[in-house]
Amino acid sequence: MSTDPEPTKQTDERSLSRKEFLKGVGRSALLIGIGAGGYAWWARITSQFTRRREPVGDARHNYSMAIDIEKCIGCGFCVEACSKENNVPPGHFRTWIERYEVMKDGSVRINSDDGGINGFSDDVRAEDVERAFFVPKLCNHCTDSPCTQVCPVGATFKTEDGVVLVDYDWCIGCRYCIQACPYGSRFWNPVKRTADKCTLCYHRIRKGQVPACVEVCPTGARVFGDLADPESPVSKFMRENATLVMKPHLKTGAKIAYKGMSKEVV
Amino acid sequence: MAPQVPRLILAFATLVVGFLAFRSQVVPDSFGETGFYRADSVKEIGDLPMKHAGEETCATCHSDFAEATSHVLGGVACESCHGPSLAHAEDGASSKPNRLGGDVPCARCHEEIAGRPSVIPQIVLEEHTGGEPCQSCHTVHEP
Amino acid sequence: MDLGMLLAETSGYVLPNEKELQWSVLIVLYPYLTGLVAGAFILASLVRVFNSKPVAPVYRLALLTALAFLICAPMPLIGHLGHPERAFQIMATPHLSSAMAMFGFVYAWYLMAVLLLEIYFDYRKEMVAWAQSSRGLKRLLYTVLTLGVMDTSEKAVRFDDRAGRFITIIGIPSAALLHGYVGFIFGSVKGNPWWSSVLMPLIFLLSAIVSGIAAVLVIYMAINWYRRQPHDMKCLNAIGRYLMFALIFDLSLEALDVVHRMYEAGEWFEILGLLGSGYLYYTIFGIQFFLGGIFPLVNLALAQFLKASDATRQRVYFFSGLLVLIGVLCMRWNVVIGGQLFSKSLQGLTTYRLELVGGEGALVAIGVLFLPLAILFVLAKILPPWKAHEEARA
């Protein structure tokens, strides 16, 4: 009725007593518990009906790559080959090369013009350079990758053979994974409108080939193989050389191992 | 029981059932089979076409060049200079790899620049070539 | 993001894939909008759960404000997605290890189990009356809104009241979750030192409460001017007081975050210091802390402790509220955009070009910011938040 004073809920008999408050909390906890339990029960029931078929990625393999910094000449053929093999849009990089120049005055110059896709040329006087080297970088295919952890829909994942992939038909393009990668390995693909990154040329390695970057490297700076096979090139490399991974303190389980790492590498 | 309760339960039940029905239609069958992702995508990505043929494939027809390069140019893959050539390997006539002509990329590896380790011989470009193209003195596949 | 963005100015060494920003101004807006929702709801709960009598006049307005902003909240997110047509996947296959996946269910829970239910229980009795006293489409609308429960017996009304209070109690942690998880989305990214912080969810939540209270304050005053109604000074003074206390908490935590980082001085110290003293200097210290924080706080404190006329106090409240709203928006900008302006190499900076037109441009952002007000206008027409209270006073 229009003359009924709007209950402002301030009268004494309506004020919330502690007992009511606790009852309310108890009831809500019970409801939440029932809800959660019900969902878990339903999920278990329905999972029994999911077919479990032969996995495509083979768990007997664990593909990885190792980089020998002392052999990289910065020619950029790897970046170019990757770009062509995988239709990488210009300006974006599944792999790239960084040049580090430690100058005689102590400063460190780092550059990567266009990812090194056209190689490098001298940009400072050689006599001012104390020490310099090239570092190829790519996705580290981490075993505890922060990128797969944060994907909200399950569009990026690690296969059973150790490669982190993006499902281009499921990715919603939220870009959280690109933010989460501590190495800057991921990028936004403006053509697919999804996240994208190095796939270790999964389409090649599943057919017994090596990744395109490994194929064209003239000095053998990139070493590919199956960590589960002790005779594979990468396993031998890891046995015979002291290697480091990038940003180990973040415990990402990064797999790409670098020989000849130096403190200037970011 | 207050009259709102059955009505509210009905409303929420409709929403929940509707959502579950919708979900059962839109989630692909292979989702969740091998992990929290669409298992089919692993095969889809694995089946993508390759573009680079690999040195061994080039050698099956071009064994003369392959021998030359493996002796002298060492690890230089044919496709580093000639570009991805699988299409050519599968149908030689229809697709030609990049033949480069006079535009050889030797300097990309062999120019002496800061940071380049001495795993390969290097030259100071202007001094060595005097402006002449590399192939005026070197045979391209047997330098 | 087009090729133009790739030509963004960089300084130092920026990793090749990091020259363009991934999250644009639309992602700045999402935490802002959900923050307003959470804050407005907390203000409403002060009435219902903590019995703050003076704030009662804005109880319903706060709920409607929360609803208006909540309806608009997913819009910037969907507008930003690369594949908005796949947005449903976040509800269909939520990856439970991802804080972002919580969005689907927390949002749905908050919208349906908290906000809509609370508004339902609070308005049901009047909606029945409105349904019975109108005809045609209006009658149909109100009947549907009551879910067909036209019973106004004492038992039913008492249930409305009890259920409403129960929902509000659940609503408080739900509101905290609705906005807290956004802070967690940023705070849990270990690869980004600007974001990675335990304090992030707390700071987000507290600044949300501040912005929500300020929003209800400003909207309440604006509506009164529009309807030529006098302001309820007891109400304004109470809200002003709450805003002041909330600001104190919020600014303390934000200052703590800054001081803590400067003290700890990890490997990120140089590059973040460059950002804070350069590109972001005016937005952090000028707007977020001073113009949107300390300045309104001092004014609010003076309004509390000094003798002032009602007119002066009203001016202080209104402009402090506006400044606070701008300040909190700026804080979201500083976090979201700021966290992308430096490279993970920790050796370089890049720039963000906010375009005027375009799907993620300034015009769209302004539209998204003001659309909730238009929705609130419509909501207030359907469910007037003031009628009964004014009649009670008369």
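The chains carry the letters A, B and C, assigned in the order they are written, with residues numbered from 1 in each.
As a convention for this text, a residue touches a chain if its C-beta (ideal position, glycine included) is under 8 Å from a C-beta of that chain, and two chains touch if they have at least 3 such contacts.
For clarity, every value in this text was computed on a predicted model and none was experimentally measured.
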Pair joined by the larger number of C-beta contacts - B-C, A-C: A-C
Per-chain Cα centre nearest the global Cα centre, belonging to chain: A
Centre-to-centre distance between subunit B and subunit A (centres being mean Cα positions), rounded to whole Å: 18
Centre-of-Cα separation between subunit C and subunit B, whole angstrom: 45
Distance from subunit C to subunit A - Cα centre to Cα centre, in angstrom: 32
Multi-chain contact residues (two or more partners), subunit B: 31, 36
Sites on subunit A at which at least two other chains make contact: 154, 170
Contacts with two or more other chains, residues of subunit C listed in rising order: 89, 93, 95
Contacting residues of subunit B [partner subunit C, same complex]: 2-5, 7-8, 11-12, 15, 19, 22-23, 26-27, 31, 36
Complex contact set, residues of subunit B against subunit A: 28-29, 31-39, 41-52, 54-55, 73-77, 79-80, 83-84, 108-109, 111, 113-117, 119-120
Subunit A residues within the subunit C interface of the complex: 1-3, 5-10, 14-16, 20-21, 24-25, 27-28, 91-93, 96, 98, 110-112, 114-115, 146, 149-154, 170-176, 178-188, 190, 192-194, 247, 250, 266
Complex contacts: residues of subunit A adjacent to subunit B: 47, 50-53, 55-57, 70-77, 81, 84-85, 99-101, 118-122, 124, 126, 129, 132-134, 154-160, 165, 167-170, 199, 202-204, 206-207, 209-210, 212, 215-220
Residue numbers on subunit C that touch subunit B, as the complex places them: 88-89, 91-93, 95, 112, 117, 121, 124, 147-149, 151, 155-156, 159-160, 163
